[in-house]
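Chain nomenclature is as follows: A, B, C, D and E, assigned in order of appearance, with residue numbering initiated at 1 for each chain independently.
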Amino acid sequence: MALLSLTPFLSLAVFGLLATPAGFLRFRNSKLGLAPFVSILGLAVAMVSTVWLGFTSSSPVSFGGLQIDSFTLFFSGVLLIVAMFVAVASLQYMRDDPNKGPFFGLLLLSTLGMIVLAASMDLILLYVGWELMSIPTYALTAFRKNDPNSNEAAMKFFVLSALSSALIVYAISLVFGITGSTGLTAIASALSTAGPDVRPFGVLAIVLFIVGFGVKMAVVPFHMWIPDAFEGAPVTIGAFLAAGAKMAAFAAAFRVFIVGILPFNVDFYSTFAIVAVVTMTMGNVAALMQKSFTRLLAYSSIAQAGYVLMALATPFTTTNVPLGLAGGLFHVLNYAILKTAAFVAAAAIATKLSVRDLDSLNGLSRRMPQTSLSIAVIFLGLAGVPPLNGFFSKVMLFTGAIYSPYSWGGYLALAALINSGFSMSYYGWVIKRMYFDEPSDQSRIPEPRIYMAVLWAATILIFAIGLYPDPWIRLVLSAAAALH
Amino acid sequence: MEPLSSFFAVSVILLGIGIYGLTTKRNAIRILFSVELIYNAANLNIIAFARLRSPPLVTGQVLVLFTIALAAMEAAVGLSIIILVSRLNAEIDLSKLSKLKG
Amino acid sequence: MIGLLSIAIFLPAVLAAPTYLLGRKNAKVAKILGLGTTAIVFVISIMILVVFQYGQAGFQLSESIPWAGSFGLNYKVGIDGISLPLLMIATFLSLLSAAGSWDQITFRHAEYYALFLIFETGIIGVFTSLNLILFYLFWEIVLIPMFFFIGIWGGPRRRYASLKFLIFTYSGSAVMLFGFLALYAWTGTSAYPGGPSFDYDVLAARIPNLALPLQLVVAITTFVGFAVKLPIFPLHTWLPDAHVEAPAPVSVLLAGLLLKMGGYGLIRYNLLLFPKAVNVLWPYFTTIGLITMIYGASVALVAKDIKRMIALTSVNHMGYVLLGAFTATVAGVSGAVFQMFSHGLAVGMLFLMSGYIHDHTGTRNIDELKGLRGKMPQTVTLLFLASMAAMAVPGFANFISEYLVIQGALSVSYLFAIAIVAPALTVGYFLWMLRRVAMTPGVGPKNELRLHSILILVAFLVPLLIFGVYPPPILGSVITPTVEKWIGTIVALGAR
Amino acid sequence: MTDLLFLAFAAVTIGAAILAIEARDLVYGAAALGIAFLGVAGLFFLLDAAYVGWFQIAVYIGAVVVLILFTVMLVGPKMGETPLGLKRVSLLAAILVSLLLGMTGALANATAFPGPDSCGSGCSLTLLSTSLLKSYGVQLEFMSLVMAAAVIGALALSKTDRGQ
Amino acid sequence: MATSLLAWLIWITPLVGALLTPLIAKIHSRVRDIAAVGFTLVAAVLATMTALTVSAGDYTVAWIPSLTITAGVLVDPLSLFMANIVAWISLVIMIYSVGYMKGEFGMTRYWFFMNLFIGNMLLLVLADNLLMMFFGWEGVGLCSYALIGHFYRDEAQYWVGSPGDKALGVSEEYSPTKSGMKAFIMTRIGDVALLISIFLIYAFARTFNYNQLVIELGGAGSWAANLARLGLLLPTALLFFGGPIGKSAQFPLQEWLPDAMTGPASVSALIHAATMVKAGVFLTGRMGPVFFIALSQFNQVPQFFGVIAWIGAFTALLAASQAAVAREIKKVLAYSTVSQIGYMMLALGVAGLSANFLAGYTAGLFHLLSHAVFKASLFLAAGWVLHVTESRFMDEMGGLARAMRLTSASMLLAGLSLMGIPPFSGFWTKDAILSVSFLGGQYILYGLALATAFITGFYTVRMLGITLAGKPSKHAEDLTESGKHPHEAGFMMLMPYLLLAVGSLGLGLAYPFYSGPLTTYIASTFSSALYKFPAATISTSGLTDLLLLSVSTLVAVTGGIVGYLLYFKKTYEFKTDMNPIQRFLYKRWYLDAIYYKVFVSGILAASRGLFTYVEQGIWNRLNNAFAQDIMDYSKASDQLDTQVVDRAANEVASYGSRLSNFLRKLQSGVTEQYVIAFAIGIILLLAYMLFVVGAT
């Protein structure tokens, strides 16, 4: 029954709406209330149904503009992992917050918006999904109402994000003007026969799409809100923004560019290549001198966005295999896990040490051994050290670049590889701080179990994907094929 | 009826005013104004494109209904953030909201 | 079916976890588990030695399991005459280094031995893998334990040295990875039926058809990666720092094995895969090798720290590998392989000894070590012998290898007669060191090493002397047939 | 006739938009913004999109502008805005905007626009409502969720917590 | 095969013995001493047995298969001749060592290196190919280095050179360790040349084997022909000769040998007089004929052999002149050794220059034999004298003949042999060299050799006169007063040098009887058809022979008389203010100082420069700077790193961190600036898409 395919959406919607009222109910006298459990249940149901759909459904199912294919399911899996990690970590992080109901409700609705983005084959739906994702995150970023940093972060985030939404609408207006349609397949066929007279509008639309999505994807120079927002936002929401919202923006970009605009005879690939190189270089270089852990994570996430952008620059090989695209998707998965876990680790440190300064990391391995170990693993994964997961997605991305039909593909890969090598300097530096430096305070710090659970789960996933990447590579290849 | 280029021109001018406002203004509310102007510019575009083609399309109007509604909701949340900010800070001047940096 | 090689590769990594977990409470358990595992792996390597068919040129004991087949990745391992000596030296040096760590590592044993075992997995993997990505994987695995070894157990400047090491080698390998990926992409076009692949044998068959410019690009980029590890002259600055700061048993691994990865890569991947490119590039590469040889020796001449001196000799000796490999002659390449084998033993012994000396005298400054003979007569004797090996005195395996390299070089061009300056300089700095350390009147009370330490040191000497006097078991029946076959192939394909 | 109307609406819209941005008092600015929205609504009427025009008036003027005014009142005394310290910034902004406009204009110039056509059934309200409910049902559903989210978010943010 | 094992064992026995010595030492020091001598005895016996039983031939096994290199022992007259000399003289000296070294520290090491040396020396001699020979060659060098520095504690009594000796500001005093290193490095220079030559030969001949080299000589495609075609044959031969120059201390590499006298006297006798320094002569003898044949095909014989002859003659004169003013007894002997080896080289060189190759060749080898015997004797006796007088300076001895009659007698006998007085062996062999140079038409060389003979007579008598005759010096009297009377050596020590001295006389007396057969025997080395030496024998009249004999004897005697007049009657006193000629000679013609200044100081300075300016100055800085900046930043938390790390930041590499800091500061926190960046981004993207990609 085709409606079953909607289970992930429905469960997120239902439980998301339920969570807010559930926030008023107490659960066995615990301080937590019922909302977190309702939302985690909702996420679990969505997750299980997504996995089940992934194994059973063979052909794509469409509802209006909503398309449930392996691309959708892949992204929904990734985003649900992120949401799950964030939700579980928030159990601890939001323990003392009185507004847990709205918090978890918004979290679920936002997750739903992200999945809708990944599933939308219609620009109207895409825009609705975009807003469904964004509006709750504005509120979530500002959730520490008494923390001026949280407010400031939300303010900046809102201003730039609203601007990006407006520009996306403007871009949609132009595409609609050219093609007279909002469905991506119709747009694709219209664009493939589009005459030269509409090209200027198409080009403007492409630019505005890049800018609009780029704000969330952390494309330089539209990235500037990111470090501020990540630092100011509640740390778990930082993870949600970094791993969830950003990846959802990539999902939207993949949909729009690969499905919709690809047939249009405009060479946007080189644009993406330039943007990718600038983004990763800027992210890596700026990360080097950061003083705050979350800001360092923010810049590293900007750099990682640069790598994923390569998937848009060189999606297909000369033999028309979506290798780069699949690599991009794989990197989305790996990055989502790594970055969420990194933020959770940051949350663990922030809750216990109440400073986010990098100096507080000195000698951390003796104070918080589990956290330090997972940070080390995560950072090595982000740097792309085998056999951790980040390595294989990078390999696919870079191979895809070399393998692409464009003459600059090799340079792109080389630039990315040099960046990747360079990035080790700050990742290694943090590891050095944790393991080699002397702490100013030797005392052992108890590590909250909930964070540790998330971190260990992530660490195991990092190793599992890295050691046996085959099923995952297959998964991303089929997801990429679904787009094409 | 006026040609499409006229409507497009108005739309682009509104877009320009919006971006100008964004770059030069520091008051959060006024920045919200600018964003809304860009939305309106886009909406005008859509309606014009939908009407001024043969045959005219109704999809454009549907799209605009959505954008109007969503922009309004976004504005609502944005305004509540502004109120929140004003509670803790002396003002809502964005140039003063620069504790998070570098 | 899991074969001997896989057991040798993965056993240490698998046992690393219990070593860490059980060793956390009791350091002794960690030591025993660590040392025991390396011993078992050494026994396995002896079994490999028994099973190995001598005089054969192809890959043996091969295992192939699809690993990420959807991406052309296979778990593929095997050994031939080039990798066998390195495999043996890897297991042997790991054993000796683990034994040497018994005394010399004094804290955080559980972590140390766990990392040690992971390192061993990596190093064995590097020498046995026959898939480019698998190779790269093991290559990087080696890096991380080494980073921690230097950073946690190192000397006063350990933080600086470890970070420098990490950044240098990681950047180098990133460039190398580009070469590998490019190879995959450029031999994966429709011109090559069978789809893209990272498998060594597949690539070896395809690359001759690859256009020269592309071969050149890949050869140069991979060369950079290997050259940083080797290391060659302008890229060597991480090495003295890393060696000086690392604890002595780790220096053994660093100089004895880590550098060999570069040499092995140069031969296995750079030389044997790109015959046409080698034809163009060999003059440059060999010249770099020559410069490295002479430069390393010259700088070692004035080093004040004995460990730094030994470290710089590695630069000198690895220059031979580069020179020998790119002469693309049977003598040169055999010599390069044999040089890696013999240098690993000789320099390993020297480093371990420097650690012992440091422990017993509290200094590594050559000038302050005067009169050591009085304190540690036996150690000084061993220092003599080890120095003789490193000086390539006839009778030690190093002589044969260095000789073969120079022979190979001379058979290519007489200009390489300059190479003979290097051994002369080598003798100079070793003798000068010995004169200051060993040939001065003894001072102070006797403070000799314990018997087991001496036995460990002697264990290095045994193969050096045996193969120095009678190399056929390793040179004739292992290295040469393989090298002959490969050289025959690549020369036929256009390498010089 | 339509020409005149178009010009009038366009002039009102653009003038009010500039005023909204530049008015010193935010209340005037908000009012000017409302007038600009009205102008756009008028243009919608000109384009035979009456329903959308009314929707625009209802939502933008009835909700958004009112919300803005409320906010201005609430924030009221803290409304100060530091003037731009540097004229150069606004000069830069002007240059940027004119560059953008110029480029867009160049783009538009190169494009041939289709001529106007009779509206026919394309402008009928029935078609609009049926397509909104039938073809775009899913979108509508999700938009309702956005509304819910916006309400929850706005409430959560503006709610004063106990003990704080 | 079974018998060939004997030949293998000749050199293996002492090597194994050396390795066993440390173990045997654990039993008892006495057992160790006996065992050490025993190994040498076995080697000596084996050498003789081989000569008697094993038929000549090349006995090989596989060695380095990748290059088809085999290992082997070459049994032929030349190798057996040398092996027997080496083994038997070694035995004698080993026996002497038992007494001489009694009570010294580090005896296990001493025996170890002595046997190792003997083994390597025998390997050098017996090897059938250049590569194995080189093993032995390097081995003896190393043992020499270790044994010279045996007294590594550098007590002043083991130094050479008078206190405060300086030439050109370079100290001429050498401690054992310093001179050991000097010896090793100087000989290494020659070795490098030798090695290059070996490689060149191998590169063309594809073999190291002596016999193979000879067999492949003939024809146009031979290795020699190929080398000659590239103009490399003569350079190869000359480079090859570099090894002998270094090892046998010939000009210009003669400077190490006098300083090598810091070793024990037994070592000096064995290594620096009787055996190792002869390795160069042996090698020249081994390969000389090969080069002769090779070069003769291209008429390049005179160039090569001329160099040998001239170097030999010049070295002989140079060293003899230095011996004439030396103050230390062992240094006199060392100079004398250099000088006598110069004679041998002269002989070998003249062999190639004259019509009769074999005459010169055997003359050189015979002189090698006789020199080995008498010089060993002199050294051993000098060793005892040193011991008794507790001084190395001749002016602190004097009048020893009264107390030590047998020692003095043996020194006199050996000294007469050295002077070349009939009927001692030295007379015959030196005369043979002189006569081949004269008869070969090399009159200038003959003149140089004759001059050397004169000086030899002079310095030998001078040495004997100062030490044995006259009155005891003040130092000697002081010793006597303190109860240390000069006395005769014990049997174990006396016997060896007495035996050798008498042997020298015996060899001389028997010379006319054995010289013919021995010549034939050695000549049979070249029985192969390949050795096409000029067949012409030099026909000389008996009168010429007699004349030559008389001249050389007369010259030597004259020199002796001058010496006698100057030194036998007077008590010699060492004076620091010498006349210019004396000073010039005493300062070793300033050669040593110049070498030191140019090479040692020069190379060190260059290395230091390389280190300071290149290694530290450029590369380290360049590479450090990047990591450096990271460290700079971390100084707040990590003082140590920054203090240690070189603070000189490099402009180029600090860009990374500066850029990073710049980017960090760019992040001003002001939203409007973000928007401006945003707008700039849009413009740039649009511009790129429009103007580069192309909108139309």
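Just so it is clear, a residue touches a chain if its C-beta (ideal position, glycine included) is under 8 Å from a C-beta of that chain, and two chains touch if they have at least 3 such contacts.
What you are looking at is a predicted structure, and each value in this text was computed from that prediction instead of being measured.
Steps from chain B to chain E, minimised over paths through touching chains, total 1. Between the contact lists of chain A and chain D, the overlap consists of B, E.
Centroid distances built from C-alpha atoms place D farthest away from chain E.
Measuring from the average of all protein CA coordinates, the nearest chain centre is that of C. By the count of C-beta pairs in contact, the leading chain pair is B-D.
Work out the mean CA point of chain A and of chain B, and you get 26 Å between them.
For the pair chain C and chain E, the distance between mean C-alpha positions equals 36 Å.
For the pair chain A and chain C, the distance between mean C-alpha positions equals 41 Å. Between the Cα centres of chain B and chain C there is a gap of 64 Å. Residue numbers of chain D whose C-beta contacts span two or more other chains: 89, 92-93, 96-97, 100, 104, 106-108, 110, 135-136, 139, 143, 146, 150, 153-154, 157. Within chain E, the positions touching two or more other chains are listed as 626-627, 630, 638, 664, 667, 669, 671-672, 675-676, 679-680, 682, 686, 690, 695-696. Touching of two or more other chains is recorded for residues 15, 18-19, 22-26, 31-32, 43, 50, 53, 57, 59-60, 62, 66, 70-71, 73-74, 77, 80-82, 84, 89, 92, 94-95, 97-101 of chain B.
Chains that are in contact with each other form these pairs: A-B, A-C, A-D, A-E, B-D, B-E, C-E, D-E.
Contact residues of chain E toward chain D in the complex are 672, 676, 679-680, 682-683, 686-687, 690, 695-696. Residue ranges on chain D touching chain E, taken from their complex, read 89, 92-93, 96-97, 99-100, 103, 106-107, 110. Against chain A, in their complex, chain D makes its touches with residues 104, 106-108, 110-112, 135-139, 142-143, 145-146, 148-150, 152-157, 159, 161-162, 164. Touching chain B in their complex are the following residues of chain E: 664-665, 667-672, 675-676, 679.
The residues of chain A lying in touch with chain B in their complex are 123-124, 127-128, 131, 134-135, 138-139, 142, 145-146, 148-149, 151-156, 158-159, 162-163, 165-167, 169-170, 172-174, 176-177, 180-182, 227-228, 231-232.
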